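Listed next: structures, encoded as structure tokens.
Here come two complexes built around chain A, the first alongside chain B, the second alongside chain C.
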Partner chain A sequence: MAKYIVKRVFYLLLTLFIIASATFFLMKLMPGTPFNNPKIPAEQLAALRKANGLDKPVIVQYGKYLLGVLHGDFGTSYQFAGQSVSHLIASRVAPSLQIGAQAMVVGTLLGILLGAIAAIRANSWVDSVATIFAILGRSIPNFVFAALMQYWLAYKWHIFPIALWDGFSSSILPTLALAMAPLAQTARFMRTEMVDVLNSDYIELARSKGESEWQVVAKHALRNSMIPIVTIIGPMAVDLMVGSLVVENIFAIPGIGEQFVRSILTNDYPTIMGLTMMYSVMLVVVLLIVDILYGFIDPRIRLAGGSK
Partner chain B sequence: MADYKINADSFKLAHIEKEAQEHISTPSLTFTQDAFRRLKKNKVAMVSLWILCIMIFLSVISIWFSPHNPNTQHLNWNNLPPKLGNLNIPGFNGHGLVRGEYIDAYKASKVPDGTWFALGTDSLGRDLLSRILAGTRVSLFVAFMATLFDLTIGIIYGIVSGWNGGMIDNILQRIIEIISSVPNLVVVILMLLVFKPGLLSIIVAIAFTGWVTMARLIRAQTLQLRDQEFILAAKTLGESPIKIAWKHLIPNLSSTIIIQTMFTIPTAIFFEAFLSYIGIGIPAPKASLGTLLSDGQKNFRFLPYQMVYPAIVISVLMLAFNLLADGLRDAFDPRSAR
Partner chain C sequence: MSKILEVNNLEIDFHTYAGEVHAIRNVSFDLEKGETLAIVGESGSGKSVTLRTIMGLLAKNGEVVNGEVLFNGEDILKKSNKELNDMRGNDISMIFQDPMTSLDPTMPIGKQVAEVLRIHNSVSKKSAMEEAARVLELVGIKDARNRLKDYPHQFSGGQRQRIVIAIAIINNPQILIADEPTTALDVTIQAQIIDLLKELQTKIDTSIIFITHDLGVVAGIADRVAVMYAGKIVEFGTVDEIFYNAQHPYTWGLLESMPTLETNTKRLHAIPGTPPSLLDPPVGDAFAPRNAYAMQIDTEQEPPFFQVSPTHKAATWLLHPDAPKVELPPEIARRREIWKKMNPETKKPQTTEKGAD
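For the complex of A and B:
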């Protein structure tokens, strides 16, 4: 186990190094400069370039950049003069984390519930409804969900605030919009697992001991069906990050997703690089934790076997 | 005892035709035929297949038969509500809410009789239906091309990796491990930043991130197939590895390839729409489902139809692809759980 973790951490660091280098050189290739205002006089431009370290050879810039990354320093934002990127990101992490976590919890819990009910009442109308729900959640893009909910629930019926980041009530709609995909995914997964488990021998044993159906489900079936759900938490986290980009934009939430889109549209390289690194770190770490957790939760799984 | 005569005829063979015994009453089915037979029984999948065929047909035929030119602007006729000829169906009669009053928006904008826009016009007076048709075409094109690329790369990579094994496999798998741990989105966005946004760069960006899953599946299957007798036979007969891959591996991998392809297409459609939606996808004035959605979003509160119709189209498209993919998986791999 320890050897496995060490190996994984090594790959993690290698991956992050490659991402950091790739983003740096890609940014260097990019057309356009942050100072594309034609009114800036030549000497002022030179001064600006010097202040941002853009006059040095690329390799020196690269070294400086890598050193900065190690310290969590991504330079200063081009878009907001004088603001350091790490500061900018830090000020925007909280809303994104809140919505992401809420969506994850809501999505998984409701998904488990829906999937379990569908499995217990397999091939009944409840099952069909749950299946339809899961397919809709998987197929319809979350920005469509977000926009439709914003129109009906917020604009037409005034149940929730339309946008703006102001307290818990304004986080409900974005959470729901983001939770759709994890919900559908979990429900689908849970149903398949639970149907398998309910047909297994130990459930038969529990039934023959005279336990009530409720006890069988709650004590034996549910727990064992939930183990594999851990494996989809990783991909789910990725989906949530992708989803947060648009959902935060639609609901005007001051989170990192919204910042990412804005930085892309304004050619704010340092911020783009910083956010790219942050997304990558979060993702890679989540995947690692999930893999390790899975080995601990279910000892039957041989970690050496497969990578994913 | 009466003498019982045993008839010699009793010992003759009953009338049996050798051919009749061996007769096969139903035609023997190949694997593919069998799979399609199962698919045909799946009503949901068949309906999805038909819907997809119709949508693809309509979006392609609109190159020649579009109700209006999707890029022609009628600045005086902007934001007209849907109108279907002179049929007076609520929602399609050209009446719109202006300052709290329902009025005939077509009359107010001085649109000549006989000119109508089935799904209304957008903020630049372009016909929404034509744009949706053109946009669907672009989205489908991007999705198909991206899938084709990632299919080709994935299959070649997977077969090379699985077939050779050893050192080559090890290196190729490490590369995959690294690529797959970079978030897709980050790669796509970075690529679109470097290359100019456009059809080709979107296709490349989506394909670049999508092939990994295919390569993994193909490799795992190749590893299993590699040691089987028919491959050994082919090797013994002196067939070249390329010929073995083409003639023996790929036919045996076909169900994996078909299923995975069907799951890749909706993902590609989603990614294209997503990128266009956040503004780094298909550049204006070209329409795609994503750009239509993001344009519609701007006027959503007052002119919901501009967003609702593209939303319906993309949702139906995604649903149909996903349901068909599910159906195909059940058909090709009957053992797989739902």
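For the complex of A and C:
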């Protein structure tokens, strides 16, 4: 197991290096410069470029950039003069991470629950209701839920704050809006898998042992049904990162998503690269955790991975 | 000997989109204490459905229309879920067909064996594990104590079936139901598993109901045999009666299609045709369309059971006193000769009609 993880971490670092390099060169190919205000005089422009190291050959800039990344230094934002990118991200990442993580936990847990109930009561009205709910959750974009919840739960009934970032209660609505898609997806996967599992031979054997239906589900069916859920957690985490851009805007949350969009619009190279790296790190780490989690749930995978 | 299980006039329908499937049509049999009863028949003849009903594990779309299943005099069909759970895995337990899929792939085998002990007895985790190791050794898992934490995929098919058997016998059940336990195993392992079951039967003093479509296996293990066709028992008798004095043409067909050392035909016999659809069971004898010996009455009226001996009965009009004498297939005639040698004093079978319920 340890050997397997070490190997995976090595690949993880390699992946990040490739992403860092690709982002850098793609950025260089982008049209325009960070300083494209036509009113800036040529002399001043040259001075600005020099100050930011943009007058040097690309390969030198690349080396400097990589060196910085290794030290956790992504340079200085062009947009907010003098603010380092690391500081910019650090100050804004907390709300995004919080609602992302909350949505992930709420979405997968409720999804597993809903899917399991639908499977246990397969082909009954409970199953139909769960199915309709899951299809709606998957096909309606999260900003629609966000707006509806703002209208009813905040504006009409005053249960939750309507927007802004002020304590845990203000994180509930964005979390719910963001959780809808993973919830629906998890529920569908869980239902399909669990219907199969409940018809499998080892469940029949568990029943023949004299276990109650509840024991059968809790001891044998849940764990076996969760194997494919682990697979979709990775892509779902990516969905949440992207999804949060819109939701953060609707609820006026000072998160990282909003910052990302603005930095692209203004050709703020260091910020774009810093944020891309941050998202990449999050993604590859999630994928690594998912693979390790796999081993814990399914012993067959644990051994296959360890003996490689 | 006393009867531990009695199945009386069992009728089971399945509700399907195509309509009502009459899967079990008036099945009755009994099981003596300590005996092994084999139920043979081709796929879809209702063997497994019958046994699942005894376990109280009938599929949700199945409905018992009529009949009773008496276990020690109590009707299993009238038991509550709680009572059924207390019975399953404790008084009656089951061995499944495919050992590759019948163990939970995500749970260590020690826990899977100990679990069934802990459900029915208040024992500590530790002593349950010790007992699990003891029973695993008993069924032939070597070094079981050190393998309790291993997962099913770390065992071979034969070993897995031994583990499934350990789960089935750990509570010393009164009835052990084996649903084609050797079908998925290769022949040498089959023999080992059969020997193991016979050995365990004497050790824990249990009755066995053994489902199979392999008559070779039946000869090796059974005391009595029930032959099922299209949801009915068509012939019932001791293992010798079924093998050497079979009366029903369907049983003849099964015996003819079994390779033996004595026969030297180039091709094995096959019963022509396919079993009838039980959505709309045929009038008369369900086997008639595939039966070379079928008579007019077979298509009109269902044959009742004719008693051949106190232990042997068969549902075929050929046993009716007015039925014409038929020439037996060579293989069956050969077997009759053996039967005559085994029972020199036997007169012509005394056939008496027994009401067909």
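Basically, the second predicted complex is superposed on the first by the 275 of 308 C-alpha atoms of A that agree within 3 Å, B and C clash if a C-alpha of one lies under 4 Å from a C-alpha of the other, contacts with A are read in each partner's own complex, and residues count from 1 in each chain.
Operating definition for what follows: a residue touches a chain if its C-beta (ideal position, glycine included) is under 8 Å from a C-beta of that chain, and two chains touch if they have at least 3 such contacts.
Just so it is clear, the model here is predicted, and its values are computed rather than measured.
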item: Fit or clash between chain C and chain B when superposed on chain A; value: fit
item: Touching partner for A:V9 - first (chain B), second (chain C), both, neither; value: neither
item: Broader residue contact with chain A after superposition on the shared chain, chain B or chain C; value: B
item: Which superposed partner A:T192 touches (first chain B, second chain C, both, neither); value: first
item: Following superposition on chain A: angle at chain A, chain B versus chain C, Cα, nearest 10°; value: 70
item: Partner chain in contact with A:S200 - chain B first, chain C second, else both or neither; value: second
item: Contacts of A:N224 with chain B and chain C, given as first, second, both or neither; value: second
item: Touched partner set for A:A51, first chain B, second chain C, both or neither; value: neither
item: First (chain B), second (chain C), both or neither touched by A:I264; value: first
item: Which superposed partner A:V93 touches (first chain B, second chain C, both, neither); value: neither
item: Chain B and chain C, minimum CA distance [Å, superposed model]; value: 14
item: Shared chain A surface residues [contacts with chain B and with chain C]; value: none
item: Residues of chain A that touch chain C when the two form their complex; value: 200-202, 204-213, 215, 219-220, 223-224, 297-300, 303
item: Footprint of chain B on chain A - complex, ascending; value: 11-12, 14-15, 18-19, 22-23, 26-27, 29-30, 135-136, 138-141, 143-144, 147-148, 150-151, 155, 191-192, 195-196, 238, 241-242, 245-246, 249-250, 260-261, 264-265, 272, 276, 279-280, 283-284, 287, 307-308
item: Residue numbers on chain B that touch chain A, as the complex places them; value: 173-174, 177-178, 180-186, 189-191, 193-194, 216, 266, 270, 273-274, 277-280, 293, 297, 300-301, 304, 307, 311, 314-315, 318-319, 321-323, 326, 337-338
item: Complex contacts: residues of chain C adjacent to chain A; value: 55, 57, 81-82, 84-90, 93-94, 96-98, 101-107, 115-116, 119-120, 151, 153-154, 164, 167
